[in-house]
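Labels run A, B and C following the written order; every chain starts at residue 1.
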Amino acid sequence: MNISLFITCFNDTLFPEAGQAMVHLLERLGHTVDFPEEQTCCGQMHYNTGYQREAMTLIRRFVNIFSQAEVVVAPSASCVGMVRDIYPRAAEQFGDHQLAAEIAALMPRVYELTEFLVHRLGLEDVGAYYPHRVTYHPTCHSLRFLHVGDAPLRLLRAVRGIDLVELPEAEECCGFGGTFALKNADTSMAMLSDKLRNILDTGAEICAAADNSCLMHIGGALHRQRAGVRTVHIAEILASTEERSLV
Amino acid sequence: MSETLSPKQATHPLPTFQVSAKQALANTQLRRNLYKATHTIRAKRAQVVGEMPDWQELREAGRALKERVLRHLDTYLLELEASVQRAGGHIHWARDAEEANAIITRIAADHGAREVIKVKSLTTDEIGLNRALAANGINAIETDLAELIIQLAGESSSHILVPAIHKNRAEIRELFLSKLEVDSLTDAPNELANAARAHLRRKFLSTPVAISGVNFAVAETGTVCVVESEGNGRMCVTLPRVLISVMGVEKVIPSWQDLEVFLQLLPRSSTGERMNPYTSLWTGVSQGDGPQEFHLVLLDNGRTQVLTDTVGRQSLNCIRCSACLNICPVYERVGGHAYNSVYPGPIGAILTPQLVGIENASSLPYASSLCGACYEVCPVKINIPEVLIYLRGRAVRYKQRSRSLRTRLNPESVAMRLMARTFASRKLYEQAQRLAQLGQLPFQHGDVIDALPGPMGRWTAMRDLRPVPRQSFRDWWRSRQAAHDASEEVRS
Amino acid sequence: MNTEGPAREAILNHIRLALQDVPAQEQPDAVVVARDYRRSESAPREEVIERFVERVAEYKVTVQCVEETSLQEAIASACAAHRVRRLVIPPDLPESWLPGGVELLQDGDALTYEQLDTSDGVLTGCALGIAQTGTIVLNGGTHQGRRVITLLPDYHLCVVYEDQIVNLVPEAIARLGDAVLRHRRPITFISGPSATSDIELNRVEGVHGPRTLDVLVVRTYFRTPDERSSLRQV
């Protein structure tokens, strides 16, 4: 399959290794990948913060850039959630029927990485090796908006050498919520406080998730607290092999 | 007693959520009470909902019934009016809190009432009924245990369903000792309940006028339904001579049959029980049984305004179960008072701004991380995250159209517009990436950024930030492509 | 100042304006309501009755199954066990139920609230029982009397015949509708004694309303399966 990479502005700028891992992984699985360089941002931050008019430019741009793709895969459940959940609504809100039609045509081809691997490619064992104690945090977008279900866990369970430990109260929101982490920093931190406690209780070395946005929030606090636990995007774990131990 | 909301007070902006939340977060007693309460109810709800193989079908029916009612609200209200009148009841229409209070006060006064007994009703809180009655020399006695507690404490409710959730038993004991006629009391819950029972019994048996809210009103039959646990509802709707029930216009349901949906959705969603202890359903007046005079007040108070908005309108589906409050990670930590409204929690965050005007409650739609848990549990499928985002759009547009230049050019708006322009062009975007890679240098200490200025400081106050990598993904991709092309060239 | 006339018109007009997106010719039932939830569920009667008994008992209610011939005795025992000396009864209660040894306060000419409040208990039948939720429903019909008599006394003894028990809530609602439409009967759903969870979410039984509820389920063990499956009219 020829896969168009939707890296996300976030990963592109701050967490390039998640995108790199995804490239290594997909190529290892025998697919060709391309990176449409015109891509920048899906518009989620703007749209969700209330700057919907401003987001429309970015939405139109995204749709144009990826309209011819065979399939689009992103290492971010929240951005894919934006495309599948919000794009149709946005087009309707601004009465743009043409755009709505283009979105409808594109949506079925846009995937988050773990759902792509499990639901589209039918894989669970991707040949990964990652000898660490890991706990998995299901992000709200992947859980409640994309309904990826247990795809990430099935992938992780098949990783050789992994010591996967269940996260207590896993489905609780970590408190990131995009600009919520800044606009309501105190409440955000109160929520994070409990998420950290649960992570530390697992004795894991690594907390993994399908979204670097949440991981930036969780990892940032773990680092501040010198907790001795770090965060890794699931793509990096899945891309890791004996030969190429990525993290 | 804090101010309760009403569109008439629309010129008073509510205190911002951020400020109120910060205070609440520091209250350790509140945090412990809320944690225990919300987690207990969550577990109970999950259990009884888990028993139901047709829960999703019930939710869909609930949603569809509400949609039907709202799309034809005038038809159903007229049908309700006719049914209630046919059954011997009186109907009153009130455009706002003031009108509703005037109607109710007049009826009570006409019967010479100096005191009235009340069943807990959010709607009556919303219109500030007790205050209005007091201003006319009529004392409204709250008969729900929690309402009694907060009335005695001079506070306001912090939860739709369990209004005194922020008080523990020791605090309640102290309150009863000082305000009720008891000499001694332990803090055992059953003793506390008995003290309330004795105190209120006298009132139930002797007060001729009662006021209640309404959970559902059936248009087809004129039946009014009150769902409760303690029995004070039964007392109030059965014993007095005169009963006045106040309902928001959205509470009407089409037919008798539709109760089969809502009487399943509500108990399991609210108290996490298969059925609540008592549900009373009465139709007008019944000869020789219960009040001989019944008044139903239909209240608008901003609801028809909410109806106008095709996105926001779904907020009126709400059956006041409080499942969204109980599941919300924000509510769990800040409690109800932080929302500064009669309607707190997720539903409050969308309903309040629509009732009082976005300009007066612009911080409420942001009181959410958009985790979506509320939508999952809402028995009538209100897409709360969708409405939150939509209201954020209204808040932003309101600021962008402000007459004050300062408001129009607030830092967030400027930054967002700048970023939108940047993201709209690959060139500008890549330039911005370079800028970030360089601009962070003063703030970078080794492998970490731990102190940023301005609003970004709110991040670094509690979290570290990994520095922006010198090589972005696209930089890596391009160099990889270049190396690949170069090796291709060598080969060919 | 009578504002109600103009208020009515104003509210209705405002609603119509708000609903401009709804086509004028759309009828309410054009909004499809999919009733795919369980509206009835046939289960063996034995199972339904057992479920009713189980779920009522979960509310801390004492439930006893008795045969018709032992009903009066069971009523008498229950009254004795709860030291009921003055028992309120609705005017149409069958003679065969009435226990000896207690003073019967028949609510024929309307007992006063005082009398009801100082009684020791009340004995009634019911309109139906709901197995799914362990609920007893009163609608002022046969053997039930007016609402206040099951509200003020501190002890309520309720007789439920096995053929009054339905399985699901929708089945109950369907059977109650007629009396509401025709006679406007007031209805009370009772699921356990009154309770509050307002004090730290600890459930405390018996705030207002009867603090003790006892239920006697009258079984007819010798009925044929066919006879068993027909329900008594509400």
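Here is the rule we go by: a contact is a pair of C-beta atoms (placed from the backbone, for glycine too) under 8 Å apart; a residue touches a chain by one contact, two chains touch by 3 or more.
Owing to the predicted nature of the structure, the values given are computational and were not obtained by experimental measurement.
Enquirer: Busiest chain-chain interface by contact pairs, anyone?
Expert: Greatest count of contact pairs is found between chains B-C.
Enquirer: Chain with the smallest distance from its CA centroid to the overall CA centroid?
Expert: Per-chain C-alpha centroids compared to the overall one single out B.
Enquirer: Between chain A and chain C, what distance separates the C-alpha centroids? Give it in angstrom.
Expert: 53
Enquirer: Express in whole angstrom the distance between the two chain centres, defined as the mean CA positions of chain A and chain B.
Expert: Computed from C-alpha means, the inter-chain centre distance equals 31 Å.
Enquirer: Multi-chain contacts only, two chains or more: what residues does chain C have there?
Expert: Counting only residues that touch two or more other chains, chain C contributes none.
Enquirer: Which residues of chain B touch chain C in their complex?
Expert: Residues in contact with chain C: 33, 36-37, 40-41, 53-54, 57-58, 60-61, 64-65, 67-68, 71-78, 87, 92-95, 99, 102-103, 143-146, 149, 162-165, 168-169, 172, 189-190, 192-193, 196-197, 200-201, 204-205, 220-223, 229-232, 234-235, 238-239, 249, 254, 256-257, 259-261, 263-264, 267, 271, 273-284, 286, 288-290, 298, 300, 304-305, 307-308, 310.
Enquirer: Going by the contact rule at the top, pick out the chain C residues touching chain B in the complex.
Expert: Against chain B, chain C makes touches at 1, 3-4, 7-8, 10-12, 14-19, 21-22, 26, 28-29, 31-39, 55, 59, 110, 113-114, 117, 130, 132-135, 140, 146-148, 151, 169-170, 172-174, 177, 180-181, 184-202, 204-209.
Enquirer: Could you pull out which chain A residues touch chain B in their complex?
Expert: Those residues of chain A that touch chain B are 7, 9, 11-14, 16, 19-20, 23, 35, 37-38, 40-41, 43, 45-55, 57-58, 61, 86, 89, 140, 143-145, 171-173, 175-192, 216-217, 219-221, 223-224.
Enquirer: List the residues on chain B that touch chain A in their complex, please.
Expert: Result: residues 17-18, 21-22, 25, 329-330, 333-334, 365-373, 375-376, 386, 389, 392-397, 412-413, 416-417, 419-420, 423-426, 429, 433, 436, 448, 450, 455-456, 458-459, 461-466, 468-469, 471-478 of chain B touch chain A.
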